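First chain A sits with chain B, and in the next complex the same chain sits with chain C.
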Partner chain A sequence: MADLGRGCLLLALAVCVYGIGASLYGVRSGRLEFSESGRRAVYALAGILTVAFAVLEVAFLRNDFAFNTVADTSSRTTPAFYRAAAVWSSQEGSLLLWAWLLSLWASLALFLTRRRMREVAAYATAILLGFGGFFVSLMVFYATPFQTTSPAPAEGAGLDPLLRFPTMMIHPPMLYSGYTLCTIPLAFGMGALLARRVDAEWIRATRRFAFAAWLFLGMGILLGARWSYSELGWGGYWGWDAVENASLMPWLTGTAFLHSLMIQEKRGMLKVWNVSLVLATGTLAIMGTFLVRSGILNSIHAFGGATLGVPFVVLIGVLIAGSIYLVVSRRDMLRSEHRLDSLLSRESIFLANNLVLVGLCFVIFWGTYFPLISEAVTGREASVGPPWFDRYTVPLALVLVLLSGIGPVIAWRRATLANARRHFLAPTALALLTLLALLAAGVQEKPLAIAMFCCGAFVFASIGGEFFRGARARRAMAHEALPVALAALVRRNRRRYGGYIVHVGMAVLFIGVAASSSFQHASELGLSPGQSTRVGAYSIRYVRPTATITPRYDAAHTGSTLSLGAVLDVTKRGHHVATLLPSEGYYASEEASQGTVGSLIGGQPVSHVSMDAGISRDVWTAIEPDIETPTLQRIVSVGNRTLPPEDAVVAIGYLARSYLQHPPPAQFHFIVSPLVMWIWIGGLIVFGGGLIAIWPAPSVVRRRVSMRLRARAAHGLARA
Partner chain B sequence: MDPARKRTVRLTVALSAAVVLASALIYTSFSAASPALSPSQLVHEAQPGRSYQLTGTVVDGSVHREGAVLHFGVEDRVGGTTIPIAYTGTVPDPFREGREVIVTVEKQGGAFIGERDSLITKCPSKYKTAPPSEKQNY
Partner chain C sequence: MSVLALVLIVALLAAVVFVVSAPLRAAHRPVDAQSAERDRLEAAREAKYREIRDAELDFRTGKLSREDYEAVDGALRAEALEILNRLED
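Our next item is the complex of A and B:
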């Protein structure tokens, strides 16, 4: 099977090289059949990589430990669901996933543009195959997923327990889809520059892909935040970690592009800016992959090896140099057709939003790469922490949310005072009302959080007003009921109203972030059974310890050998609120030096968080039991001396019973944060709005169908 | 004012604002940054009231808890100087004796206090690539 996989990779590399040559020769010599063949090479690449991916997936599901990646990242005790997801936990597997997704998305993009922009598409084909070839050669020469060992080990090391979390199944594919989709507008943008066809057509052709990239990347980021919150034992969802930042940067420039492209479509302005944003987004996406795969920066996500730095630096260097050369050499073609008429217009609000987004991206870029910058400038590595990031990003985020309420309703070209009064009176009033209500309710600290609530209120009123005016107009014309009118409004203009829903979702999300980061109560302390503590308005009592043994009975279904936890009783003013069961899972380590018993639980322990999530607040708990007491250690060392491997689990059972009978004090981490749930709800609203905006409008579908009918009719006529 | 001149003024104002903001950003990043040091460097260079990013290995047998405070020693990768740390906050799951950690510390009096929730543990050896001694087919 490994030979099939290796063969696929070699064939894929050959296909990439052929496709690049064919497309470039075709477009240069004007022989279309060659560029056509180049496009088909992308389809072939997708087919070949699908087979390669399937081979690896089957190896994981069948526990084929002859494959080194399977032996390193999976095991028989890893539950089947997580074995399937373990494919992309290794460096090699994630490279294959990247290349495979790239080939699929590229095939779709090139299929949809097969009858248009032949020259641009031919260059884009060559560039996309260049990316494909890059990743395939990494797998052929540096990190092959199909490396095997003979004889095969009897058991693998197991999937990193931290990754045993349900969203592991969709978080990496979403993020990688986002990254790979970012390269499609980049390829078409570069193609348009190379072919000297820089009108709005390439933008129209790749707009939907830019939007899809934005949507997938955003959801990937959000799922990562969710994983961090509910799986890592620190209770936060964002830590300004290098890998998080790496995914956020292309998302920010992508967001800027989605707004500024509307100005190019409507008014023929900002062409240099747009093409630069597209090139920057694609390059940042590749840099994001590089950051994860090179290990140049310290990150909690350092799951991969650190061997791929040099090839990536070369690729990024080529991308940046190529982008700058293309934009500079084509600058005459990229002249604006119009000038900005007024500072009070939708164009200038979009421009402001672009500047804020790019400014945010710059802040994050500087902070993320600061260790490298500092080493280059001062000769010493230094890093900036979350407070530095917060100092700049929080005010910028406030401005951004405010602009997301102004942009949709302000007039194009030049807004008049009457227009401003009509659209902004109610939102401003609601924002002020929110401020007064908060002050009256006694919320007087945290001015930035209060400002965010007011900005959120402004956005709700402004966008609500836009929906209301649209629906009222439809009701007046078509005499429809309000819900029907609203649905028809959205259906008729999906991109616009989908975008508005995204704005509402983002405002909800930011309100959740502001509230949960500013008004949370946290406590870390040791408790013995029977003791209790207060966290915010809640009282939490450690009722009794819990213990489960053997992977089969692991309460969290992640395959831990031993799981020690607690039953916690949460009350508020004497009323029972919830019973929570946080635990810590101990996994087998395969390290013989720890002894027969010690190696069963000597792997990495992982917290299993337990929380009571609610609309108004989350009560979040994690436990760190003390397994190193003399009594428990004695059981392990006696077991190590006396028990053969097949009976070692008996000692684990004994250890669990001893823990239950004489529980030592355990260390707890409690957090009560308000409105966290609204971060995830906001994310879902954004996702829903994004889907509405991206869905093909009915008229396009109809036009496509009618074109096909017309073509068939013409064909019939010709035959007759 | 004619439109061309107006645009030039506008552009100059916008660019100056951008330059001022970028300078502030760059200045604060250098002044707020914590230098990354090894234990032997930290012993010589630490000044009270400034924070440093300490990188090193957790000393075997040095980890113990007193209430909410976790005490552990960090030594150079090659051994030698050991720095005792008193840390409060979240302890990452992979934290163990003998593993490489990064923690932001501040010198207070003669002791080093770990900044809350700043402890990062590098991945355990188990997840590294296989040693070259293994027989490989490819």
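Our next item is the complex of A and C:
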């Protein structure tokens, strides 16, 4: 079947080349049928890559180790659930996933715009096929997922144990969907510039895709944070890692675009800014992929090879140069149709919000690429750590949260000071009350966290007031009960109120971040069974060790051969709170030099975190058992000398029993963090608000509203 | 290359050629220059309707005073009418 996969890639490349040529010829010569043929080439690309992806997926599920990718990233011990996701754990597989998702999203975008903006869509088709062709070329010439070895190895290296986590099934596809969706507004933006059609139509056509990109990217980032918190043994959810930052940057510029596009739609303003944001978002999405794939920066997530660096640099260079050329050469067409009516207007708040978001992106860009910049300038690689990022991003995040509460209560075009003052009264009062309550409760250190709580309170009151006033107005008009009026209000103004819900979710999320990062208690120490320690208000006692062994081919578990852990009793003021069971999994390695027994546990050990998560706080624990003691090492070395591979697991059983009978002190990491749960709850609120905003209004409602507005406009004509 | 893979690739190629060449096999359709302008005006009309609705909601939720609302609404309706007139032309 590898032949079929390789054939699909060659066919996909040919389709991309043809589609680019047909689209460009069609739009340049005015022959519509060629443009349509180019659009159909995108559909064909989606079909071909679906077949290619299915071939690779089947190879993983069938343990076909003749495929090098399968042998490198999967094994019979890898559970089927994770084998299905192992496709995108390899460089080659993730390139295929990228190209496949791009083809699917591009097909959807071009299908929905098939009767509109034919010129713009034809250029966009060529650009999207250019991206598709680029990724397919990488698979054809640099990293093919369908390379085989004969004879096939009997066993594979296995999936990285760190990736054996349920959210890893959906985190990469979500991120990649976000990245690939970012290229759609970019393609249409470039298409609009090339076709010299820079009115709001291209924005209207791709707005939903920009929103979807934002939503997928955001959820992908949050799932990654959840994985980091629940699976990695360091206890954090965000470490300002290069790859994390790479996904955050297009999300920030995408957020800015989602706000500023409304100004262009309504007022014909900010055309240069919007097109620049779209081009920057698309380019940053490609740069994000480049960071993961090139291995150019150190990251726990980067698993690419150096071979892909040059092609990506060329692509990014072309994108940047092309973007600058197009914006500069079309600057006369990008002039604003109106000016700001008032500094006290929603347009002004959106502008401020855009500046903060782009400022945040710039800070993160500088910090992320600083090692490269430093090496280029001084010859020495230097990097900046989380404190550097926090110094600049925390104040900007505070301003951003505050603006998310101010914007919704300011009218478009012009707002009067009196109205604004009236609407700010309750939010300001709640923010001050929050401040007083915190001070009265003795929370006086960490002023930035306190400021975030106050800003959050401001947002809740401001948006809560907006919902109430909207529902009250609706009730007065339609004579409905308040809950019915509220539901009808949201249903009829999905974008506006979905967006407000997103603002609330972001405020909740930031409150969770501020509380958990500023007021956490952490402790790292060694304990023997029976010993206790205090972490914040909690007492944690190491009750006894645990040890389990998993038969080598038992696919029901995550695939670890040996798991050593502890039973921990968590109490608060003498009352039992929770029993926690952190452990560390030891996985088989393929290194024969470790011996028959050593190789069963010689792979990368992975911490299995145990926590008691709650609405007000999480008690988070991780263990690092000591298996390097002379007694345990002796069992391994004797087993290596005397036991054949089929009996080696017996020595692991001895090792586990010895560990239980004579447990050495284990290293523990305890964290008590307040309000972490609210980060995930905030994320879910954002997701819900995003879905409401993106969901199309029923066509019947749209038609009815259009007819009503048409009648109103006609009424205005009659009066005139 | 196995025979099965070869057959599948040829079948896929035939399907691709069929799908991609369909518009070329159909009758020639010239670009309708007017439709592009109509699309642009329809987009502008939808955006203007949205702006009218937003201004109304801003007024009803107390963000705009009556005088400001009437001024803004009047201007928006005039702009909407201009677009409607151009669409009807």
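The rule is simple: the second predicted complex is superposed on the first by the 692 of 720 C-alpha atoms of A that agree within 3 Å, B and C clash if a C-alpha of one lies under 4 Å from a C-alpha of the other, contacts with A are read in each partner's own complex, and residues count from 1 in each chain.
Please note the rule applied: a contact is a pair of C-beta atoms (placed from the backbone, for glycine too) under 8 Å apart; a residue touches a chain by one contact, two chains touch by 3 or more.
Here the structure is a predicted model, which is why all the values come from computation and not from measurement.
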Does the superposition put A:606 against chain B (first), chain C (second), both, or neither? first
Using the superposition on chain A described above, determine whether A:470 touches chain B (first), chain C (second), both, or neither. second
If you stack the two complexes on chain A, which partner ends up touching A:363: first (chain B), second (chain C), both, or neither? first
After lining up the shared chain so the two structures overlap, which partner does A:616 touch, if you call chain B first and chain C second: first, second, both or neither? neither
Who does A:148 touch here: chain B (first), chain C (second), both, or neither? first
On the A-aligned overlay, A:382 touches which partner chain: chain B = first, chain C = second, or both, or neither? first
Mind working out whether A:329 is in touch with chain B, chain C, both or neither, as first, second, both or neither? neither
Using the superposition on chain A described above, determine whether A:531 touches chain B (first), chain C (second), both, or neither. neither
Dual-contact residues of chain A (chain B, chain C) none
Interface residues, chain C side, partner chain A - complex: 1-2, 4-6, 8-9, 12-13, 15-16, 19-24, 26, 28-31, 35-36, 39-40, 43-44, 46-47, 49-55, 57-58, 60-65, 68, 72, 74, 77-78, 80-81, 84
In the complex, the residues of chain A that touch chain C are 1, 3-4, 7-8, 11, 15, 18-19, 22, 30-34, 36-37, 40-41, 43-44, 47-48, 51, 116-119, 197, 199-201, 204, 265-266, 409-416, 418-419, 422-423, 466, 469-470, 473, 477, 493, 496, 705-706, 709-710, 712-714, 716-717, 720
Partner chain A, residues of chain B touching it in the complex: 3, 7, 21-22, 25-26, 28-30, 32-36, 53, 65, 67-68, 88-94, 102, 104, 115, 117-118, 120, 122-124, 126-130, 134-138
Where on chain A does chain B make contact in their complex? 2, 6, 68, 71-73, 144, 146-150, 157, 160-162, 232-236, 298, 300, 302-303, 305, 307, 339, 359, 362-363, 366-367, 370-371, 374, 377-378, 380-385, 387-388, 391-392, 524-526, 589-591, 603-607, 624, 626, 667, 669
